[in-house]
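Labels run A, B, C, D, E, F, G and H following the written order; every chain starts at residue 1.
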Amino acid sequence: MRVVLNGEDREIEAATLAEALEALDYADAIVATAVNGEFVPHDQRGETTIKEGDAIEVLAPMQGG
Amino acid sequence: MRVVLNGEDREIEAATLAEALEALDYADAIVATAVNGEFVPHDQRGETTIKEGDAIEVLAPMQGG
Amino acid sequence: MRVVLNGEDREIEAATLAEALEALDYADAIVATAVNGEFVPHDQRGETTIKEGDAIEVLAPMQGG
Amino acid sequence: MRVVLNGEDREIEAATLAEALEALDYADAIVATAVNGEFVPHDQRGETTIKEGDAIEVLAPMQGG
Amino acid sequence: MSARTFYGQALANRLLLGTAQYPSPAILADAVKQSAVDMVTVSLRRESGAQRAGQAFWQLIKELGVSVLPNTAGCHTVKEAVTTAHMAREVFGTKSIKLEVIGEDDTLQPDVFGLVEAARILTDDGFEVWPYTTQDLIVGGKLLDAGCEVLMPWGAPIGSGQGLNDVFGLRAMRAHFPDVPLVVDAGLGLPSHASQAMELGYDAVLLNTAVAKAGDPVAMAIAFADATRAGQAAHQAGPMEVRDMAEPSTPVMGKAFLL
Amino acid sequence: MSARTFYGQALANRLLLGTAQYPSPAILADAVKQSAVDMVTVSLRRESGAQRAGQAFWQLIKELGVSVLPNTAGCHTVKEAVTTAHMAREVFGTKSIKLEVIGEDDTLQPDVFGLVEAARILTDDGFEVWPYTTQDLIVGGKLLDAGCEVLMPWGAPIGSGQGLNDVFGLRAMRAHFPDVPLVVDAGLGLPSHASQAMELGYDAVLLNTAVAKAGDPVAMAIAFADATRAGQAAHQAGPMEVRDMAEPSTPVMGKAFLL
Amino acid sequence: MSARTFYGQALANRLLLGTAQYPSPAILADAVKQSAVDMVTVSLRRESGAQRAGQAFWQLIKELGVSVLPNTAGCHTVKEAVTTAHMAREVFGTKSIKLEVIGEDDTLQPDVFGLVEAARILTDDGFEVWPYTTQDLIVGGKLLDAGCEVLMPWGAPIGSGQGLNDVFGLRAMRAHFPDVPLVVDAGLGLPSHASQAMELGYDAVLLNTAVAKAGDPVAMAIAFADATRAGQAAHQAGPMEVRDMAEPSTPVMGKAFLL
Amino acid sequence: MSARTFYGQALANRLLLGTAQYPSPAILADAVKQSAVDMVTVSLRRESGAQRAGQAFWQLIKELGVSVLPNTAGCHTVKEAVTTAHMAREVFGTKSIKLEVIGEDDTLQPDVFGLVEAARILTDDGFEVWPYTTQDLIVGGKLLDAGCEVLMPWGAPIGSGQGLNDVFGLRAMRAHFPDVPLVVDAGLGLPSHASQAMELGYDAVLLNTAVAKAGDPVAMAIAFADATRAGQAAHQAGPMEVRDMAEPSTPVMGKAFLL
């Protein structure tokens, strides 16, 4: 299934956001997630289904001013 | 009938704003009028009825910055 | 003999500046001296004669900016 | 005879500054003159002798701020 | 002169003058005439049927033959400002309105939220709105979206005479709205302030107190008109480049050697 | 207008203009005419018998019918300056001399020691000395003692266009010499600088580069003349008092209640 | 030290430091440690599952043992800012958010309309909002109404290093909100700018580029911390009154007569 | 820290403090100790044999264990200043002298003519002269020629607290004398002024009134010491480049797309 991860096309097999993160090597990473522009809290990743073409944003802490 | 003209109580006999202006010596004066905070255009003064306690504002050109 | 000490008239008996300082209670004080506008170093006070009307300046450390 | 006119070597035949100016094409020009750094007023040019190597400055009005 | 017009009106004199606080009507009239301003600001105030002060004032202004720009001075709410604008349009017979929605009384700073809302209502209703605003670029953009064709950022608090308190902000505003007529409104105290505003590329300045409260208001009005024209001309003429160090103006070449 | 005169000369136009660096003699002439200046600065430079550039220039200036103020630009020593002054007096037929004794080449700052000495020599010799000086009050006093009747402190380095770098110093100088004609000479870049100098109570401004190097020198000359007049008029008219906070210009009394 | 707290947090060090643009993580860490700042700003950016740059950065920050203030830098809409805030709260485990809603890209000026709306949404949702705003008093009032307990007006455009472009505006804001913790955020370039902000009575300064882009960021961080503390202490100590003219510091009385 | 020394003396603390006008000797002592200054200025005044105020003061200063820099405050002539210097050398046992030759009493501006003459006499006589001067580059050069190894231009009139009135002049002086220790002496009112002077590359600041007349002189002394160190560190660390417009500090790359 094709999804857009942080702006780039990716092929993954995943039913939920949780599975998608696994498949995308984020496993244990400290990240925040959004699907199609909506924030998905950590504890809802398991029940958040992912479908063809979904835009997934995976963000982590970074330098800021 | 008591009305409030420019913030001061006045006793007048008048059914309409036009009559009120007459009674209040504005006759031919170039003024703009409002009743209870609503602008009353010149050509509507005749059909605008005045009732006890109405707040009438009669404004004229003045210095401004 | 009348001298002017720091701008004020004083009566003293003294032949030299050294004696004058004694007479004027400066004894052991840490001060710098001038007579009639000329600096008199410490070691010349003994040989500096004072005469009627001399202007003696006796200065000490003071607050400064 | 060699003179230095406004910083440049020139060969002229002249006994006085007046003659030198003639020889140097200033004839009727409105100029001020100095020889060896000293101002020579107009009416003294005739009696001011020029000798080998003299530095002659011939100045005229110019733009200024 | 800048090609920019103010709602189609090409003001020859880029000094706009307020009409308040003059020692006398005669001095006001004289100041307006001798400074040759094309537009003055006026307001609406309560008229007494007996004294009719307003009638006399209006007569005076009409005789001056200048355009009038009524203001909504002192209005703190959208409703007040809008109602005042309507009354002004009827009395002064102009759709021009200097829109003031005051948000704070120590600085007389505009309430930019109310300002944008009132500007939208009034432009929709056919008014030509001259908004008294800040240097805020986003507010400026919203005012343009609302239909304003002129922006009037403040230079300093009304009547303070401080001049241009935020030159950076004024410069940024000029750069951000290259095609919009911009007027520095309020806060100017000296002719050099007017020159400076025009040198920054502003299209006009609007002031009142600096002239009315001067020792000689007529002379000061003329001075501001001159300084405004000077600043505008300088901007158009193209100023020299500022240099860090000195550069001789008198040519160095050809200097005599007189040592 | 200020009653002060400049060695007895009452300048109607308080803008004094330099004559260097213009794109062409025609533009110089036009700038002088259209700005209606009464006095221009000139210099002396080496003349070539062949080209005679100076003769043409002098002809041009004479036709302008303005007073000339010759300078000693570029002189670094008392002797150079004094000799140059003598040569200028003969050629230009005036005892007026703008005395420059330059002490440092990056800033073209005057050498105040040489300046005072040269001023004494020249005034003793009958010159009317216009000294290019700093804001130094003691130097100013010595120049007056030497016989100068005008002082010309710099605003900023010659040709820099920075404006008034030390407003405090200029203000202090004005206060210290209330009766002396003071001219801000050098460093101005914009008309607002000229207005500001005059608003401080200065009697005239002298500049060159800001006009000559402008995109349109003629327009800029007019702008500076306007701004100078404006600043002078403002100083005489008596400016408003600056306020910390706002004060409504439009009367608050009589405001309608429209809520 | 000012009794004011920041959402109950009493910051001992009133310098808040950004974490971006340092030559290396080690230098960032060193700058934070040696300047002893208590709070740093951070952001959220896209993480690559492979490189995991963010994990390392977050580890570094946690080891510094300072509070973090996540920002919504680069957000131009309310929705973006709100969503980013939620994501930040989860990742950083703090309800503190530096709210930026950018309205214009040349100045990075805040969109005060979006700012107020986002502030309301976020405070209603339990966030402690630190809004990056302008000197606009009405906007400040609306932000407080929305529940903000801190205001952060800009000093100058982000990363410009210009310092305090509108001192009047900052002073007016301090006077208008005497009890609100105020932070000058963005635009500072030199320690003297930080001192000046604190001398005006501000409660803290927030900056990044001036330290990160300095030749020696660690030394500059210490310098800013010193200057910030100095300005704060000066404000509390009560500065001398400024005088127009001189007043001898050394006593005149008792001076010798040595002529 | 700048390698420059002051007559061979490497001052760790670049804040030099005056000792006059404090509420009490105890507060003076505390201010000196807590700000950790290395050098203080003192003067000579008439001593009464009875009261001996000077003896007590001198005892206090000696116990502070700092170097003293005696001044010639209030001297208006070369002779006065020279005689005072000699008396100071004997009493204070130092050849250091802060040379003041006052030329004008409203500004306490130095008389640069008398200053140079007195400096020459005193250096010839073995003194280490710290001249209180102006930003005049030529005067500075003559003082160096006279043997001075330090220059102390004023920031503003003594005791005025105005700060740096002529930043251009100070900058030009720093550029013109790259290897000479330069001290801004007099006129500072706030720590930010001290930071600014050091940021300009000055080597030290000397002040008195701003500390002594503060509400809390001890706290203010510490503040000035911090600000001076901050400004010095900033100059050495290398400040960022000032930008006309904004530049995001938080990286733009990697920003989420959340619309």
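Throughout what follows, contacts are C-beta pairs under 8 Å (C-beta built on N, C-alpha and C of every residue); 3 or more make two chains touch, one makes a residue touch a chain.
All values derive from a computational prediction rather than experimental measurement.
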> Counting one step per pair of touching chains, how few steps separate subunit B from subunit E?
Replying inline: 1
> Of the pairs C-H, A-H or C-G, which has an interface that repeats that of B-E (more than half of the contact pairs shared)?
Replying inline: C-H
> Rounded to the nearest whole Å, what is the centre-to-centre distance of subunit D and subunit F, using the mean of the C-alpha atoms as each centre?
Replying inline: 33
> Using mean CA coordinates as chain centres, what's the subunit E-subunit H distance in Å?
Replying inline: 46
>> From the mean C-alpha coordinate of subunit C to that of subunit D, what's the distance rounded to whole Å?
In response: 68
> In subunit A, which residues are in touch with two or more of the other chains?
Replying inline: 6-7, 34, 37, 57, 59, 62-65
> Using the touch rule from the top of the page, what residues of subunit E touch 2 or more other chains?
Replying inline: 18, 20-21, 43-46, 71, 73, 79, 83, 87, 106-107, 158-159, 162, 172, 208-209, 245, 248-251, 254, 256, 258-259
> What are all the touching pairs of chains?
Replying inline: A-G, A-H, B-E, B-F, C-G, C-H, D-E, D-F, E-F, E-G, F-H, G-H
>> List the residues on subunit G that touch subunit C in their complex, please.
In response: 248-251, 254, 256-259
>> Using the touch definition from the top, list the residues of subunit G that touch subunit H in their complex.
In response: 18, 20-21, 43-46, 71, 73-75, 77, 79-80, 83-84, 87, 105-108, 157-162, 189-193, 195-196, 199, 208-210, 212-217, 219-220, 222-224, 226-227, 229-231, 233-234, 236-256, 258-259
>> Quick check: in the complex, which residue numbers of subunit G touch subunit E?
In response: 103-104, 106-107, 109-113, 134, 136-139, 141-142, 156, 162, 165-169, 172, 175-176
>> Looking at the complex, which residues from subunit E come into contact with subunit B?
In response: 18-22, 28, 41-50, 52-55, 57-58, 61, 70-71, 73, 79, 83, 86-88, 90-92, 158-159, 186, 208-209
> Can you list the residues on subunit A that touch subunit H in the complex?
Replying inline: 6-7, 34, 37, 55, 57, 59, 62-65
